[in-house]
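The structure follows.
Labels run A, B, C, D, E and F following the written order; every chain starts at residue 1.
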Amino acid sequence: MATPRAVDYENASVEVRNVFDDIKSTRNSDDVNNFWKYLANDPATLRRTWESVKEVMGPGELPRVVKEMIYVAVSVTNNCGYCIASHSAAAASVGMTDKMFGELMAIVGMANETNRLANGYRVPIDPLFQ
Amino acid sequence: MATPRAVDYENASVEVRNVFDDIKSTRNSDDVNNFWKYLANDPATLRRTWESVKEVMGPGELPRVVKEMIYVAVSVTNNCGYCIASHSAAAASVGMTDKMFGELMAIVGMANETNRLANGYRVPIDPLFQ
Amino acid sequence: MATPRAVDYENASVEVRNVFDDIKSTRNSDDVNNFWKYLANDPATLRRTWESVKEVMGPGELPRVVKEMIYVAVSVTNNCGYCIASHSAAAASVGMTDKMFGELMAIVGMANETNRLANGYRVPIDPLFQ
Amino acid sequence: MATPRAVDYENASVEVRNVFDDIKSTRNSDDVNNFWKYLANDPATLRRTWESVKEVMGPGELPRVVKEMIYVAVSVTNNCGYCIASHSAAAASVGMTDKMFGELMAIVGMANETNRLANGYRVPIDPLFQ
Amino acid sequence: MATPRAVDYENASVEVRNVFDDIKSTRNSDDVNNFWKYLANDPATLRRTWESVKEVMGPGELPRVVKEMIYVAVSVTNNCGYCIASHSAAAASVGMTDKMFGELMAIVGMANETNRLANGYRVPIDPLFQ
Amino acid sequence: MATPRAVDYENASVEVRNVFDDIKSTRNSDDVNNFWKYLANDPATLRRTWESVKEVMGPGELPRVVKEMIYVAVSVTNNCGYCIASHSAAAASVGMTDKMFGELMAIVGMANETNRLANGYRVPIDPLFQ
């Protein structure tokens, strides 16, 4: 096995190109970002992941900007540098302002803190919440 | 040190009672949930945590239901049982429907998956996102 | 494979009994706690883990109570219920007071919060710290 | 929203400058480190976080060096690169020696290992620890 | 929103029943386990997750028992109690012995330890590994 | 305390050289990788960690390539950049192909997703799995 490298459109199989084309047309963009170029090393995972992301992040009950902010909240908690950068950009592109980002970070920080306080004090769940 | 136990209002110091009273009046409820009763073992942490949560979760750019859903997203990622139960209830009380919860879980699951795909494939950040 | 069960002294091999005996004499106690009884399902891991824990938690530069508090800090961050309970008890048995536990929890909570703020704001490391 | 950038003193609002000034005088230093310059993008979070850190890390039951080592333990467990660098430096500046750092790392490693052994073997909590 | 409850076959929609039927026939079992009954609260996530799991855990390069052991390794690292129990059972049903489980736990523990040692000592990646 | 630096063979104590020599002869290589050079700052941890890794990753029930893939699964879940790079290389050197790596990543991603779905839906463990 070689270290993973980006698969570019010109070197991609038809199966991979089809996914790249769908990403570009869904997102109305000229290119796909590195995440997809690396996943293309495994065409089955590329296709499955894209189909799932397209379904989950598509129109639904929650506005797109809220969906992207939830994605950022998880990525920051897990400290995934790539995901923080790409989904912060995605959130901004659909309307997240600096003030909204600030509130998002404040909540993510606070939740990470109180999660540990609840763990450490071994707080039993109130019957009301069950 | 003894195993942490809940501090009830009747056994609480004035300092703790003041925080409990503020939680109850802010939330318009008869009692405080276990989290605060356990934090009351350390009155300074009780006060500081409550003041911070009140500020962070109070009125701002993001609707309260979005704030609570972000809290749930972090708590699910960290697997904090208490926090999942209490903030799911809080989110529901301010308008999160079953469908919204379903979308929230789908995004949290997906983000946790793609965070690891990005890690494992060592995807470099696109210049566009920096 | 069966679900893991505790291995009790009377049913244990000589290899396992030797480790149990060393734990009991090192800790001056009548019995070993469940963690060791479950690890005894794999005698090599039981022995290796005990030898490592004995070395790491034995006398050194840091007082025993500080060592146990660091153990609690990690266990709370990871939300390991067993480890929080056992190492909180161990810390208390070597001098951690309620006030010290309160400070420990406050720091663990704070660090978990600021870790995420640093992630989310993508703060570059100051040259001074490198 | 733009990618987060450092807010420098000369471009900062009075509210931010006041926090920066308090950090500098509390720490007796000429400048604030990048963490605070980035948090300054959200003055409310800057102020709240600084007030909390100042309270939590200030004089109390635990020596400052122990407090900073606990901070490092959490940051290493969470793999926050910025926080590992800044709090290792802070711990060293208040007395952590190479030997103490070595013991700290050994405990953090060990705790992360035994946390997972306890999870995987599904060890029930001993009645003694409850 | 109500607290999540299991959706049983008799109360399920046709869409959910179709997924349940496919799970049962794929696994040659009489019933589906709780995970699927809870996901059924969101039929789209039930279907998408099942299709993905079926594809990922189906025949491929890696033997089924290795796939299930990898699932256990992740679940133990994340401390997901449900997932540890269900995937340990699945691994055992396809051939994981007690000795194999013991080795799996030993590796998972060790990897969690050395991950933190690498973080804490800030070890740079050898050119050979890039 | 100074920032951790690599300890090279020529500057190492006899105790450290003995461990380095054993690593090189066990692995049949000319040099040790950075992980060991950094651990050498604490000779006791260097020796203990090497002895443990040698035992855990040595011949047993599971093939070496499976052991290394489990190591990668944990490292990707924890996002340890160094460990992902070094253990991906190690797995490749003992037979992991690109296809096997692709399946590994797919499972690690999926497990991280379903772990959170199980957490968020608060799925109770089936009696069968206990």
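Just so we're on the same page, a residue touches a chain if its C-beta (ideal position, glycine included) is under 8 Å from a C-beta of that chain, and two chains touch if they have at least 3 such contacts.
This structure is a prediction, so every number in the text was calculated from the model and none was measured.
Asker: Name, by label, each chain that touches both members of the pair chain B and chain D.
Answerer: Shared contacts of chain B and chain D: A, C, E, F.
Asker: At the place where copies chain D and chain F touch, is the share of residue numbers found on both sides over half (same) or under half (different)?
Answerer: Mostly different residues form this interface, as fewer than half of the numbers used are common to both chains.
Asker: Across the interfaces A-E and A-F, which one involves more C-beta pairs in contact?
Answerer: Result of the comparison of A-E and A-F: A-F.
Asker: Taking each chain's centre as the mean of its CA atoms, which one is farthest from the centre of chain B?
Answerer: F
Asker: Round to the nearest whole Å and give the separation of the Cα centres of chain D and chain E.
Answerer: 34
Asker: Where the CA atoms of chain C average out and where those of chain F average out, how many Å apart are those spots?
Answerer: Chain centroid spacing, chain C to chain F, equals 21 Å.
Asker: Of all residues in chain B, which are in touch with two or more distinct other chains?
Answerer: 3, 41, 44-45, 48-49, 52, 56, 77-81, 85, 88-89, 97, 99-100, 103-106, 108-110, 112-115, 117, 119, 121-122, 129-130, in rising order.
Asker: Based on the touch definition given at the start, go ahead and assign the chain network to line, ring, star, complete or other.
Answerer: Complete.
Asker: List the residues on chain C that touch chain E in their complex, please.
Answerer: 1-4, 41-42, 44-45, 48-49, 78-80
Asker: What residues on chain A touch chain B, complex-wise?
Answerer: 3-4, 33-35, 38-39, 41, 45, 49, 52-53, 56-57, 60-62, 66-67, 69-71, 73-75, 77-78, 80-83, 85-89, 97, 99-100, 103-104, 106-108, 110-115, 117-119, 121-126, 128-130
Asker: Would you mind writing out the residues of chain E in touch with chain A in their complex?
Answerer: Residues 3, 44, 48, 52, 55-56, 129-130.
Asker: Quick check on the complex: what are the chain D residues that touch chain F?
Answerer: 79, 88-89, 91-92, 96-103, 105-106, 109
Asker: In the complex, go through chain F and note every residue touching chain B.
Answerer: 72, 76-77, 79, 81, 84-85, 104-105, 108-110, 112-117, 119-122
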